[in-house]
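Order of writing sets the labels: A, B, C, D and E. Residues in every chain begin at 1.
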Amino acid sequence: MNATGISPDDAGPLLDVRALRKVYAGRNRSVEAVRDLTFSVGTGDLVCVVGPSGAGKTTLLRCIAGLLAPTSGEVVLEGAAVQGPPPGMAVVFQEYGRSLFPWMTVQQNVELPLKQKKLLRARRQELVRNSLEAVGLGDVPRAYPWQLSGGMQQRVALARAVAYEPHILLMDEPFAAVDAQTRADLEDLVRSLWQRLGVTILFVTHDIDEAVYLGQRVLVLSSSPTVVLDDVAIDLPAERDQLGTRSSARFAELRAQVFGQIQRAKHQSGDPGPTPETTLETPEETTEERQPTDAGSR
Amino acid sequence: MTPAATVPPPAATAPVSTGRSGGTGRGGNALLGLLGFATFLVVLEVVPRSGLVSANYLPPTSRIAGALAELLGEGRFWAAVTDTLRGWFLGLAIAVALGVVVGFVLGTVPVLREFTASTIEFLRPIPSVALIPLAVLLFGSELRSVLLLVVYAAFWQVLVQVLYGVRDVDPVARDTAYTFGLSRWTRIRHLLWPTALPYLLTGIRLAAAVALILAITAELIIGAPGLGNEINRAQSGGAVDSMYALIIVTGLLGVAVNVLARRLERAVLSWHPSVRGEESP
Amino acid sequence: MSVGSTTEPGRNSVGAVAGTVGRVLRWVAAVLGLPVALLTLWWVLSADSETFYLPPLAEILAAFDDVWLHSDRLQADVLPSLLRLSAGFLLAVVLGVGLGVLIGSFRRVRAFLEPVLEFLRAVPPPVLVPVLMLFAGFGNTMKVLVVLSGCVWPILLNTVEGVRAVDEVLTETCRCYGIRGPARLWHLVVRSASPQIVTGLRQALSVGIILMVISEMFAANNGLGFSIIQFQRTFAVTNMWTGILLLGLLGFLLAVLLRLFERWALHWYFGLRQSQRNDGHR
Amino acid sequence: ACGSSSDDSPEGGSGGVDKVKVGAIPIVDVAPLHLGIAKGFFREQNIEIEVVNTTGGSIAVTGVVSGQFDFAFGNVVSLIQARSQNIPVKAVTVGNASTGKPGEDFGGVVVPPDSPIKDAAGLAGKNIAINNLNNITDTTTRASIRKAGGDASNIKWTELPFPEMPAAVMGKRVDAAMVVEPFFTIAQNQGARVVAYNFAEAIPNMTVAAYFATEQTISQKADLTGRFKTAMGTSLKYAQEHPDEARQVLQTYTKIDPAVAAKIVLPAWPAEINRESVQTLADLMVTDGLIKEKIDVSEILP
Amino acid sequence: MNATGISPDDAGPLLDVRALRKVYAGRNRSVEAVRDLTFSVGTGDLVCVVGPSGAGKTTLLRCIAGLLAPTSGEVVLEGAAVQGPPPGMAVVFQEYGRSLFPWMTVQQNVELPLKQKKLLRARRQELVRNSLEAVGLGDVPRAYPWQLSGGMQQRVALARAVAYEPHILLMDEPFAAVDAQTRADLEDLVRSLWQRLGVTILFVTHDIDEAVYLGQRVLVLSSSPTVVLDDVAIDLPAERDQLGTRSSARFAELRAQVFGQIQRAKHQSGDPGPTPETTLETPEETTEERQPTDAGSR
C-alpha cells in the first residue's frame, strides 16, 4: 500500500511516514536499511516500535527527527514535509553517553534547551529540578556526565527531554542501561507524562513486555531491509500498573502476539529473496543473516 | 558515605592506591620542568667546554649568565623587552580574535569554507619575511610594521586550528543540538566552542610562539626597537655573549607564555579527557 | 529533498541534480572563484600604480613567464628548494609524531621536556640558524634542519594534544586485551590522534615553506627563497612579486596533496563524521 | 606616513628645529653620524636627528623611498643598483671610504692560519664567504683578484652575515671570507690571516658608502638637505681627525668589546665622494653582470 | 566481615575480592561508589551481578579488571593482587560504542587482540569468522563500527571478547542494546561457551531474568555506597533452555527472591543512615534518592 495518495488535509494524523526508503551509500558498502515504511501516528498517540537489532529503528527515528534525508518517500509532520528538526520535538538518542555535553554538569545539560526556549530562570530551575528528581537523580545536579554510571547518564538524557516539555517525543531504547526496578519506574513516568501533557510519543525498544505495557500501538518492523510487519493495537485499559497489568491475561496474549511477529521478523524482511541485507561490494560473504544459535556448531 | 567522620576529605583519601599512582602534583611537574631546563643548561655549558665547538662562537652557560646579569642592569634592555612584549601581545591578541571569529564563521557556514579554502591555502605559506618590504613601505620601522608581520603569521595558526576544531564536533552531540532546536548562536557557544577549545588552545600556543618569533625577527630585520634590534646590535658588534644572553631571554619569554597557556588550559578544560586523566591515578 | 524521482541514491543536496558534471563545476568554482575575484581586484587597483614597490599585476604576470618558466630557475632553484622542504618536512613528521607520542603518553616526560622545548620553540629561526651552522655547516643539511626546526612544533604540539585526548574506553580496551607496545602505539595512539596530527601537518607545511625561505637567507646559492631575497635586495621588485606568487601557488599545490593524503588516511574519520548526515538536510 | 615634522615645518625654519630620521646600520662606518649628534653639529644646523636602525641597503632604500627616513646610510653599489631599477635615490654626502692603504684597511679577505692561499691570486676558484651576493664585497674582491693576476670567474660565493664569518673561516667551512671591522680584527685575533685588502686594492681611495635621500627630498627640501650635508661634513671631518673619540662613540650604539674597539682599523671619512671610484665601481658592476647597462654615476651623485 | 585475614594459599577461588572500597575523588564531588565488597569466585564459575543503576557494578568490574586502583581493600586473582589487567582476560564494556576502534572494520576490530596473541593468520581468520557468525554478524565484516546499529556494535564487542578465548570474561551489560530474540540467542551462546571452554565469567546485568537464567550464582549489590546484599545460589539444572527453564517453578522462585533483594537494594545501601549517595558539596540537595514515581506530584 502506498500512502502517496493521502492528502495532508485530514487533520487526524500528526505524523505521516510515506513509502519511506533509506539507503546508506558508503565507499565499500551500500545498505538498504529501510525499504518501504508507511504508517501514521495521530496527535497524542503513544506508539512503540519493536524490531530485531539492525532493523532500521534508529534510522526511522532519525528520518522522522529530520536528521537524515530519506532516499525516497517522505515524512510529513503536521501537514508539512520534514526538512529539518521540527520545533517542539525532543529526542532521546540511543547513544546517550555521546549525546550529553561533557563540558557541562548534569544540571547545565538539562537546562540548555530550556534556555533556548527563553524560559525564565526560576521556571527553568524548577523544571530541571523536577525532571532530575523524576528520574531519580535529584542528588547529582553538579556532577559531570562522565562521573556518572551508564544508567545514570541515560536518565540524564531522559530528564533533558522531559524537562523540555515537547509536543512530540522520540525515544530510542531509552531504558536500555537501567535496572529493572528503575526501568519500571521510568515506564510509569513516561505514561504519566504522556497522559498529563498529551505529548505524542514514538518509543523504540527491544523489550516486548515494555512495548506492550507502554503503548497504545506496537509497530513491529521486519529485519533489514525493513517494512512494517504488523501494527498491533494494545487494548489494555488506560490505567496500567506494573503488577496488575503485566499479570493480566490480555497482556500475555498481546505479548505473545508481538513475540510471534518478532520471531517472524527475524527470518523475514521486506525482501522476499535470500538477501535480507545487501552488502553490495562484499558478495562473497554469506548474505543470509546467521542466527546466534548456529554457534553451537563451531 | 557521609556523615562527616566516615570519609576523609578527598585530598587525604588515596594513600592506599596501588602501584601506578600519580604522586607528583603540579609542584612536582614544575620541579621536573626545572630539572629538564637545568639539564639543558648543563649541556650548553659542557658542549663548548669540551671543545666540540669553539667557545668563541657558542659560549658556555656561565659566560652567557654573566652577560645576562649585565643586561638585566641596563635600562635599554628593559625598554627593549617592553617593546617586544607590546608588539607580541598586541599582535597575538589581534590574531587570536581575528582567527576565532573568521574560523567560526567559516567553520559554521560550509559554503563559505568551501569557497575560501583555496585562497587560504594560497595565502598561508607566503612568508611574513617576504612581506617585509611591503611592511616597511606601508609603516616603516614602527610598531605597526611589526604588528602587520606578527598578525599575518599568527592568524593562520589560529584559523587552521579553529577550523579543524569546529569540524571535530561529535555527530551525536550535534544531532542533539539540532533536535532541541538550539539556535546557531547557542550551538556555537555551547557545542562548537567547547569542542574547538582544545584545538584553539593549541592554536594559541602555536601562535604565541610564532608571534614572538615574528616580533623579534621583524625587529631584527626591519630595525624596529625591541629585543630583535638588540640582538642585531650584539651580533653586528661581535658581542657573542650578550647575543646569546638575549636569545636566552627570548626563549624564557616563550617558556613563560607556555606556562600561562597551560594554566589557562587547566582552568577551561577541566572536563576534557586530557586534563581529567591527570587528576585520577 | 522530497519525493519523486530521487530514488537514485545520489546527493540531492547540491541543488542541481546534474550529477558528476555539476559537482565538478561546483568544485572548480569553489577552488577558483575567490582567487580569481581577488586577482581581478588586485589587477584593477594596481592597474596604474605608480608606487615602485607595488607594480601593476599585469606587469607581474607578464614577468612571471620570463622569470620562472623561460629560464632554468624551475630546475636550478625551485627543485632544490622543494627537495630541502620535503626532507625537512618528512623529518619533522617523524620527529614530531615520535616525540609527541612519547611526551603525550608520559606525564613525567612531558613535565621534564616541556620547558626546554618551549624554550627552543621561542627562539627565532634567524638567530637559531647561526647556531645550527656551527654544527651542521652551510650545506643542505643546515637548510633541512632549519625547515625541520620550524615544522616540528605544530606537529609535536598537535600530536601531544591528540595523544592526551585518546578516548579512555579505547585505552582500557587495549589494556584489557593486552595490546601493548608497537601495536598499541599504532592501532590506538597514533590512529586516534591522527585527526589532530593531520591538523599539525597542515600547519607545519606552511611554516615549512616560510622557513625554506628563511634558511635560504643564509649561505645559499640557489633556491626559491634565495631568488626572492636576491630580487628584493637588488630592487627587482616585479620579479620579487612573481616569486611571492609562486610561493603561494606552491603552498596551494602542496596543500592539495596533503588534502588527498588526509582523505585517504582519515577516511574513517570523515565517514564517522559524515555517515549520519550523508544526504542530510544541512 | 613618516613621523618627521620636516614636512610641515617652514623650510630654513627661523628658530624652528627640523626633526630628521636617518636610517643607519649599527656598525663602525656610521660613527661620524653618532659623533656629530653627540658633539651637537646637527643642533647647530637646527636639525634634530633620530637614528633608526636598519639592517642593510635594501631596507634603507625602501625606507627612504617610502618616506620613513629622510636620509639613510647605504653602500654605493646598492645605490647604483637601485638607480638601475629606476628608483630615484641620490647620494647626499659621503658615508665612508677605504683608507686606500693595503695592509691597513677596515676590511679584507681572511683565510685560516694554515691555508695554502697566500695572496689574492690564490683565491681563484675558492669558496669565499661574503655578506651579500652581487654587491660591493664580491665586486671588489673579484677586482682585487684580477689585479693580482688571478682568475675571478669561477669563484664559489657563500652568502653569510659578517658575524658568522670568523667561525666559518676558522672552522674551515669556507676557504676564505671577506670581512669588515670589528670582525676583521676578531678573526685576526683568532689567528686568521689576511690575504687581500680588496677595498683598498680594487680601486684607489674608493668611496664605500654614502648618505642618500630621494630626489624628491633633495629638490623639495633643498635647504634641509644642505644643512644636513654641512653638519655631516663637519662630523666626518671631526671623526677623521679624532679617531679616539670615534672609537669611544662606538660604545654608545654598538656592542663592540672596548678591547676590540681599541684595536680595529677605522675607515676613512673623507670630505667628498670620490666620483671616479664610484664610476669605476659602476663599470665593474657591468663587467660582472650585476647591472645590464652602463650607467653614468653623476645621476646618483650630488 | 573483613576478608583481610584470608590467606591466598587456598587453591579454590580464582578471584578474591577483599574489603574492596572505592571513592571517586573529584574537584567538586567526591563519591564513595563502593563501600565494602567481599566475595570470591571459583575457577570456572559463572557469576551474575545485579544491582540498581549507579550501584557500582561497573566500578567493581573495572577494579577486578585492574583498570582502577581500589581506594582500599584488594582484588586477588590466582593468588596475586591485581595491579593491572591480567593476561587472558577479556572485557565487554558497557560503553560498547566507544570501545570499538572507529578506524578499523568490524573484522579488524575483532582480529586485533588475536594478533597480539600471536596467532597464525589462518587461525585468526577462523576465529573472527566463527565469532562474528555466532553473534549474527557474519555478513558485515568489512563495515566500520559507525556503519552499524547500536545492537550490532554491541555484538561486535561481544564477538571480540569471544574470539579472544579468555580464561576469565568480564561483561558489563553486554546485551543491553539488542532485541529480545537476539538476546535469548546470545544468552545461550554465553552458556555454551562457558560450558565448552570452562571460562570463568562475571556477568553484570540489570535484567533479573537474565541473571537467574544465566548464572550459577547471583550477587545482589545494594545501591551506592555498595555492599553485597545477597548471594543467591542458582540451583537450576545445568542444561537450560529458554522456554523450559524460564517457565519452571524454581526459576520463578529464584527470580522472586532476587527481585525482592533488588527492591530492598533500592532503598538500602551499605550506609545505615539516610544518605545513600552523598554529594559532598551540594548539601542543600535532598540526599534521599527519589523514586521516579514521585514525578506525579509535579
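Quick note on the criterion: a contact is a pair of C-beta atoms (placed from the backbone, for glycine too) under 8 Å apart; a residue touches a chain by one contact, two chains touch by 3 or more.
If you're wondering where the values come from, they're calculated on a predicted model, not measured in any experiment.
Between B-D and C-D, which chain pair shares more contacting C-beta pairs?
When C-D is set beside B-D, the one with more contacts is B-D.
Among the chains, which has its CA centre at the largest distance from subunit E's?
D
Taking each chain's centre as its mean C-alpha position, how far apart are subunit A and subunit C in Å?
45
Using mean CA coordinates as chain centres, what's the subunit D-subunit E distance in Å?
Here the centre of subunit E sits 83 Å away from the centre of subunit D.
Name the residues of subunit D that each touch 2 or more other chains.
Each of 58, 62, 65-66, 161, 163, 167, 171 in subunit D touches at least two other chains.
So which bits of subunit B are touching at least two other chains?
Those would be 57, 133, 137, 172, 175, 220-221, 235, 272.
Could you list which residues of subunit A touch at least two other chains?
Those would be 24, 26, 62, 66-67, 84, 95, 98.
Mind listing the subunit C positions that touch subunit D in their complex?
52-53, 130, 133-134, 137-138, 218-221, 230, 232-237
Considering the complex alone, what residue numbers of subunit C touch subunit B?
Those in contact with subunit B are residues 29-35, 38, 51, 53-54, 107-108, 111-116, 118-127, 130-131, 134-135, 153-154, 157-158, 161, 164-168, 195-196, 198-199, 202-203, 205-207, 209-210, 213-214, 217, 225, 228, 232, 237, 240, 243-244, 247-252, 254-256, 272-273, 275-277, 282.
Which residues of subunit B touch subunit A once you look at their complex with the stated criterion?
170, 172-173, 175-176, 178-183, 186, 190-191, 194, 271-272, 276
Considering only the defined contacts, which subunit D positions touch subunit B in the complex?
Contacts found on subunit D: 1-3, 23, 25-27, 52-55, 58-59, 62-63, 65-66, 68-69, 161-163, 166-167, 170-171, 182-183, 186, 190, 253-257, 260.
For subunit A, which residues count as touching subunit B in their complex?
Answer in residue numbers: 62, 65-67, 84-85, 87-91, 93, 95, 98-104, 112-113, 115-116, 144, 146, 164.
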